[in-house]
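For clarity, chains are labelled A, B, C and D in written order, and residue numbers in each chain start from 1.
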Amino acid sequence: MENQSESLEKIKIDSLEEILGKKFPVLDNGFVRVIDYMGGDESIVQAARVSYGKGTKKVNEDRGLIRYLLRNFHTTPFEMCEIKLHIRVPMDTWRQWIRHRTANVNEYSTRYSLAIDSTQKTDSNEWRFQAVDNKQGSEGFFDNTIGIKLSEREEELQQFAREIYQERLQLGVAREQARKDLPLSTYTEAYWKIDLHNLLNFLALRMDSHAQLEIRSYANVIGNEIVSKWCPIAWEAFKDYRMNAMSFTALELQIMKQIFAGSQHEAKKLAEEFGWLNKIEGKLSKNRERIEFEGKLETLGLKKPWE
Amino acid sequence: MENQSESLEKIKIDSLEEILGKKFPVLDNGFVRVIDYMGGDESIVQAARVSYGKGTKKVNEDRGLIRYLLRNFHTTPFEMCEIKLHIRVPMDTWRQWIRHRTANVNEYSTRYSLAIDSTQKTDSNEWRFQAVDNKQGSEGFFDNTIGIKLSEREEELQQFAREIYQERLQLGVAREQARKDLPLSTYTEAYWKIDLHNLLNFLALRMDSHAQLEIRSYANVIGNEIVSKWCPIAWEAFKDYRMNAMSFTALELQIMKQIFAGSQHEAKKLAEEFGWLNKIEGKLSKNRERIEFEGKLETLGLKKPWE
Amino acid sequence: MENQSESLEKIKIDSLEEILGKKFPVLDNGFVRVIDYMGGDESIVQAARVSYGKGTKKVNEDRGLIRYLLRNFHTTPFEMCEIKLHIRVPMDTWRQWIRHRTANVNEYSTRYSLAIDSTQKTDSNEWRFQAVDNKQGSEGFFDNTIGIKLSEREEELQQFAREIYQERLQLGVAREQARKDLPLSTYTEAYWKIDLHNLLNFLALRMDSHAQLEIRSYANVIGNEIVSKWCPIAWEAFKDYRMNAMSFTALELQIMKQIFAGSQHEAKKLAEEFGWLNKIEGKLSKNRERIEFEGKLETLGLKKPWE
Amino acid sequence: MENQSESLEKIKIDSLEEILGKKFPVLDNGFVRVIDYMGGDESIVQAARVSYGKGTKKVNEDRGLIRYLLRNFHTTPFEMCEIKLHIRVPMDTWRQWIRHRTANVNEYSTRYSLAIDSTQKTDSNEWRFQAVDNKQGSEGFFDNTIGIKLSEREEELQQFAREIYQERLQLGVAREQARKDLPLSTYTEAYWKIDLHNLLNFLALRMDSHAQLEIRSYANVIGNEIVSKWCPIAWEAFKDYRMNAMSFTALELQIMKQIFAGSQHEAKKLAEEFGWLNKIEGKLSKNRERIEFEGKLETLGLKKPWE
């Protein structure tokens, strides 16, 4: 196994060592940097071969094996890689981040130390509208005139909050209590350690277009700048088999079979049975599953069998 | 097993059913209430007996078994009890709470809905001084004159923050972004589900005198008002064997042996070797381990073998 | 929310209460039975509404909500349901089962008690051939003549193993050591408690056709006999969106777009680039990804664009 | 922080690098070896300092910090160290090992590959008697005459089991089924990856005198040969504050206070109230808590206040 894995390992070291400790900036004052790591593509192979009780043969077999494992949900070998990141992130984003429970965390303590004197400031061209169709999303940006006003008001609030924090500390209020009204935009820092399998789960959710822009910015950096260098083969497989894959539900598959059999009519009948084609005042009413399916058909270059 | 467990179960139901759904107030506007639970003292016994492959014999044996299990770190039977709480808690406290990873959580979403219009307000007599000896603690309260001023200033800030939040929403800023400068004192709500073993770990840490007053208030309610009724025997054992137990380190044990052997001199010599009695300008310098040990000796009514 | 959830809850109770405690037989002497449960479809809805901060409106909205959550990987509300099973299972199967780490377990102890006097016996018509294409699978059954011989030999071994176990115990050998040569076919028992989200993950892997027949038999009972009654709406969604869904990789999607655009030639060219159409002595060599894709095309009633 | 941590790191590398990959034999044919590791004492310090937001000052402060963290259950910095072991272990021992859920595991697959042709054989002088007082323990060894007989019988069984396994494979029985009657003494192998905090929990339980001799042998090697070199300061703290510490329950503390106050009579009265001194036919009946306490008093060189 030696020769092969050594070469996989060499590729990784060459590219990851270059970025070790390097701060990748995110948002206006956040960052992500790699503190340490253990393993890489070669460890996935190595762990899988323990299960299979076999030695490695050829270079391209390693790539094939990693891709096979990822495609078929053989997730345990991916847990054999571990990475430790140092991140600086607004508390608001951290509130989402920390919901991923399978990681090791040491966060900067504002009980013990003064809160970091930095808040995430939204630039005048970064204010986003509430999405109309997605109750938990945003879409489009405010024009700069309103943006400037919004940013000014934010600045006022952030400064006032800091002023109050300082007042309290000068009077001798305990740090653990003085911090209670800091804005969620206040930056915090943490060491965050996680294995590759759970990191990919994190990325699948947080690089998704439905994730909030802020955490997505961090996820994109971690994925595209770090994992891509750390475990390039696993990363490629992740994109091919998970990020850019498309899943069809049992209901969608039934309809597609009718489409491919040339039975547009039957396809439409199924959709009606599923309640996808209900109408209100003669117009198709909003139906999430139908809309999702129409999107998939469009991606594939297929026409929808209704209308 | 039937008769016995039925009676254990009856005791529980009588006392827990009374509080099911009842809101226990915490802080100025928070609460804890039980939504649902599974099992109780009788399930601990039942699970342990699966391991032991035996039937129950007498009532007092159940109590003895639960106490034996807890005393000896046989933790798995305690995982067989599960409880689901509905809590309302300031985000600042929630930041500590969520660090306990072995729970199931659904938190109120301020991406999807408007932030709860309530912030935790500190009353004029509740402002605490920074502790001198404990960098992450507080001690003593401000007098009311200063307290009133501090509370007024807090009110100003919280109102301003809410005003800005409203402004943004009225302009059409996305909820996920509008919330970014809300103060950490803003209340959130969550369903929090956890098994008894992990809940006791939570309580051991958060009922401790070193835990911050705010989260301690929640932990005290959960322990004293809820677990005490849900699993009264396990709760009693937890207090006897964990909360009110005292541990002596290998170093402390060595010194104690010398004390009990009547060798005060040897005891002191050991402490010197451990570096506990270093002096600065003729005075004992601060040494955490020595101070901790002196506290334990005092509790036991023993004199320290130095000075 | 009351009326609606009450009716969901009623449906569940009617069907689940009937099977509470009932032993569902699996294999020759194993079983699964429900000891206790917490929540159901209505708790998924209830937890989701905490996140969304809204009350329920209509019956069909609950079903739609559960289906939406499952389809879109909003997994946390499913963690709010918990079930406790009592199972009897051969140690060999248990070795696979216990690999699922997110469960609470109390297993029968053969240190403390005598090993259960029962081994899983393979009937003469149940012996399976090694699969040719799948190194970790089986396919087809031996004919009865050989089967009888295999079962007889098994009986000899299992009896001899039990004899040795008894010998040791009679001599006074410690139970923890006497058990060391028991066959993996020996039955064990356990209480196994898990939340619905993690249970569905277990079922997705263990009801799959690639799972070993023995554990699949348990998974089928848990899914079809228990979860289907406990959380019927979530169960239906699980089948529609997960069990019977089909995922297409980024590579497959590229080829499909060409097929639907009528460019069979381009489709084939892509497959060549992907290395799916390599030939050995003029014949397509075995390529796992191509074979998987061909299977999917067949299911959809589509022709493969090569040959 | 640089100088100091570098020197801590250097110490570790010097001693751990020497054993990297080295097989430490355990039992007759098992082993443990380090495949990879991440971090060490210096990472514990580094992570703690993220929380505290401070730089390191002096060498002895690092040692003091690690000891402080471990003594006071500040466990998260210990999660920042990770180690990957390759182990070979009888399946019977593995059944206990795998109960520790917070680890990453890749086990040798006997579905995919032939079972390892090795079983753990008990030498004639290694057979242990069932403990009288501890239902789940053993004590003392059989004399060699009986031991030889026991080992011969074991050999017969293990050979027969292997013979049947071979027979099945030669007939073409699937590996996943052929293995079903292998004895629990059959060796398996695994990669086992875990963080230092969880590893110390494992060691506290499995190095304990109540753990079964076989798994204790593995735990002793991991602790004494590996962790002691990997994180020598944390290891020393673990022994001082956990392994060799002694805890007194609330009940024991009450009695001790009376002893130290010179009130033997009151001490005895308390024990009576606790039910520790019940008599059967004029003799103290067996009471686990009393016996445990008597053991602690003896260790401290104190007399028990009864009899």
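Structure notes:
Throughout what follows, a residue touches a chain if its C-beta (ideal position, glycine included) is under 8 Å from a C-beta of that chain, and two chains touch if they have at least 3 such contacts.
All values derive from a computational prediction rather than experimental measurement.
Farthest from chain B in terms of Cα centroid separation is C.
By number of C-beta pairs in contact, C-D leads when C-D and B-D are compared. For the pair chain B and chain D, the distance between mean C-alpha positions equals 28 Å. Centroids of chain A and chain D (each the mean of its C-alpha atoms) stand 38 Å apart. In terms of their C-alpha centroids, the spacing between chain C and chain D amounts to 33 Å. Multi-chain contact residues of chain B, defined as those touching 2 or more other chains: 105, 109, 112.
Of all the residues in chain B, the ones that touch chain A in their complex are 90-92, 95, 98-99, 101-102, 105, 109, 111-112, 119-120, 122, 127-131, 135-139, 142, 146, 150, 153-154, 156-158, 160-161, 164, 167-168, 171-177, 179-185, 212. For chain A in complex with chain C, the residues that touch the partner chain are 68, 71, 73, 205, 239-241, 243-251, 253, 256-257, 260-261, 288-289, 299-302. For chain C in complex with chain B, the touching residues are 35-39, 43, 46-48, 50-54, 76-77, 79-80, 82, 84, 86, 104-109, 112-114, 189-191, 193, 195.
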